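Here come two complexes built around chain A, the first alongside chain B, the second alongside chain C.
Our next item is the complex of A and B:
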């Protein structure tokens, strides 16, 4: 069987997801052995973004117009296209800037704004159709393996699509929200991390982004009843995934 | 009045000695306090056990019904695919200090995943390898309502179950000592060689007094007469929309901590060379948006519909499906709900408002 041609693309992010793919996973050798990396600036000197690719993995948020243009091209020349990590799947950390006027954000970083052409931060699926999501911050190893093996087998990848609470209960963790009165984002956050923070007695801060159709206002109101200050609640719902319609209602309730 | 089964009196320190002995022969799993919560954890010593617990987070039935179990393995060689079942990994175990509500939770789960029509091999194997020591409950919590179902606070024979189906030994804590009721032959063997005295009339009287005292402390009550029909008549009651959309998070905690919930999903995991796939059964929940997904999505797409499914399944549909309620009144789904959704309160509101609407109808008629 000919190895699938893989392209890895990086937009605005910390590059942690690519590091995760090629350095930190337990199955780096299997993953890279199962594919031919034809483009990826961290992985190979050769290759161009021209394609074609059987599978394109995209990390990072779209925050500049050239990125959107290239992304559309990559979509056209790729069999499967999968965003990896929170920045690409839900806007991630870079999308915090969406809380502020674009010009103000630019001025906070750069003195000469004439050469800055940034756009509102958006996840990959705001611009192109995606075939699956590999979530995480950084991207989860199990997510990547499931997405790659599922697509190669020709079945829809079965990644976690439920609340972090499911993983907490499966691990038998104490519920830090109910029992310890911590403002845990687990009930609205997509699982896949194995409930890492609650397993260590900490509240989930939604780094994997929102699950499908969470009830953000109900959790925000509950946080208020638990004594959380309004600005803290707005912050928790805007740290990750603020451009998504899932988390915006949680922010709007308590934003000054 | 004498207890239903012959009982003996056992000194506390002798019970503690027994726990150490049992732990030498099998894994003893008991309620253990960790911070603000109590969990079922392996113990080697009676001092690790929280004998005065009110409730645990997960029920003991889910110590037996494991969250993630490999069930099949597919191996590909060329064009051929070999299929093999994965044998359950059950070990000899003992569940210690299980309250009556949870003993009933196990009996209800038996009917579904160890019933006549379907047997979950992993659950059946763990169930067969696990002895159960019950503990009559003296710690009635704010959200407990087992007395409404007759599943507690003290254990008694239930429906068509034989006495030994629920537990092997049943403990009642008296002043200083324990009353031990032997429910099965393995239970008798657990006590072999232990110094005990026959229970006296005074002991039985003390047991009955303790039961009455526990019974008098319930704050929460659910009227179960005609409940299945009441809910069926009120599937469009405004409470579903108000609570479902206003407060339900779809986090699935209610079902995860329910002693009788058994729903599962199957997930396949394939190696990257695509040669081997392992299929596992994983806890699933009707509260999850993707639970009943078919072509075009979940037919219970709204939180209202999913909350109604949970409450009506436990308190109504279950009766037709399995011949008993799907609720034992342990109160976990209420306590572990981040927004405190209360199925007994929902049922109570429907009963109150239906009556009011009937009266209103009569007055107007």
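Our next item is the complex of A and C:
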């Protein structure tokens, strides 16, 4: 059987999701052995971004227009296209800058702004249709393997579509929000991490991004009742996934 | 009259992030023969950290880098502790050193095996290594399992963007039995680490000897620590709080990476070779043996030998962690933090070299100013100067050979362009 042709594309991010693919996750040899890496500049000098690809994996947030142009081209030449990691699926950390006026955030870093070509940070599905989401920061090991094997076997990838709370219950954790009065983002955050933070004595900070249809305003109001200051509530909802309509109400409710 | 050259590497493969290399001989009017055109888009961390609170800064800056997240996290945390007058416990300092040291080994491993080794096997990349060079891949995977599991065990939950490392200490300390198990697994990979040094010692590289100032932290006692004096081979010695008096940075028109210089002195090189040139007297016996066997004579001025220094540092990191884990039985501690207004800076040794973070926070612990300088910011000018020297050295060689040598030189520095445009 011919191996599926894989393309790996990096936009604005830490490249941690690519390091997850080739170094951190426990099935490196199996994954790279099952596909032909046709393009991926961090992995190989061979190949071109022209494709065609059976599967394109996209990491990073779109923050310059050339990235959107290339992304649309990749969509055209790819059977499946999947954003991997929070930057690509929900905007992630790079999207925090969307909270601030673009000129202001640029001027805090650079003196000459004429060579800065930055635009509003957006996740991949803002520009192209996607076939699945592989969430996480870094992208979850199980997500990557499920999405790649699912798509390549012709079935719908089956990844968690519920809140971190469910994983906490499955692990038998005491609720850090109820018992320790910690502003835990677990109730609105997509599961997949195994409830890592609440299992280690801290509140979830939403690094996997919003779950589908969360009740962000209800959690924001709960944080207020718990004594969290308004600016802190806005920060909780804007660390990951600020451009998403899911978290936006949580940011706007008490934003000064 | 030198041969006319026009070489363009449009998107350099097998480095972290996005850069081009442009070679023009003779140099264009008013320009240089070589430019490192780093086209990775700017990321504005120093811009959007303003307004964020001290307890999320570590988690945010971790995302500057996908291979040295712990370094960014801990440098920021130490800078914030300095700003708010917080003194971490002795136990916390020891655990943090294990966390960063294990990450240095991990970063060197992925760099040497996945990004550098294909050049020396005449392969295009890492995936191409899988079928024919299984023994290298197997050794890499054995070692990465041991070091990554240790980073995760201490740092909290996962090696990449760990979740237990916070201002004041750790949200949870690992049980003694698990630390002892991790130590056993490090002992088991000692032969693999030595074999890596032998492999890297066989790499053929150009003789590019060039004087420049090497800069690294000089800790009080150890080979490496998360705190020390910013020192150089030309006698620089400043405290981390005085970093900005010694090192400046400027914007260049063709890259969003700022270019750092030693004020009034010029380029510097940071990283494994710099650390080894400055702190060779502190190497453990096994690391010293490995360096001797590999023929690494210190001080060494050839930037290509940074890779050999990294391999020796894997041996050193494994030994350091084995020593630091010995008999370690942490007691539960809860980090207690009282936010306070102040300014603070910290410098540490990331895998790729000197890393600097500085913050000003208000009385609620909210960031008002952020200043970050990464290893690749420090190495930018040195990489360009070395590329120019290399192009001159290989003047008569075929263009394809010059091109490959330029690519290998930049890779030898182990740059992180994603970090550099933080």
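In the analysis below, the second predicted complex is superposed on the first by the 256 of 256 C-alpha atoms of A that agree within 3 Å, B and C clash if a C-alpha of one lies under 4 Å from a C-alpha of the other, contacts with A are read in each partner's own complex, and residues count from 1 in each chain.
The rule is simple: a contact is a pair of C-beta atoms (placed from the backbone, for glycine too) under 8 Å apart; a residue touches a chain by one contact, two chains touch by 3 or more.
Note that the structure is predicted; figures quoted are calculated from it, not measured.
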Which of chain B and chain C A:178 touches, first, second, both or neither: first
Partner chain(s) touched by A:17 [first = chain B, second = chain C, both, neither]: second
Partner chain(s) touched by A:147 [first = chain B, second = chain C, both, neither]: neither
Contacts of A:46 with chain B and chain C, given as first, second, both or neither: second
Touched chain A residues, chain B compared with chain C: C
Touched partner set for A:214, first chain B, second chain C, both or neither: first
Shared chain A surface residues [contacts with chain B and with chain C]: 33, 201
For the chain A and chain B complex, residues of the former touching the latter: 27, 30-31, 33-34, 145-146, 148-150, 152-153, 155, 158, 161-163, 165-166, 169-172, 174-175, 177-180, 186-188, 201, 211-215, 218-219, 222
Chain A contact footprint on chain C (complex, rising order): 11-18, 40-44, 46-48, 50-53, 56, 59-60, 63-67, 69, 106, 109-110, 114-115, 118, 124-128, 130-131, 137, 141, 144-145, 148, 156-161, 163-164, 166, 171-172, 251, 253, 256, 366, 418-419
Chain C contact footprint on chain A (complex, rising order): 10-20, 22-24, 26, 28-29, 32-33, 36-37, 40-46, 63-64, 67, 92-94, 96-97, 99-100, 104-106, 108-112, 115-118, 137-138, 193, 196-197, 199-202, 205, 207, 231-232, 235, 239
Touching residues on chain B, where the partner in the complex is chain A: 34-37, 39-40, 57-58, 67-68, 245-253, 256-257, 267-274, 282-283, 285, 288-290, 303, 335-339
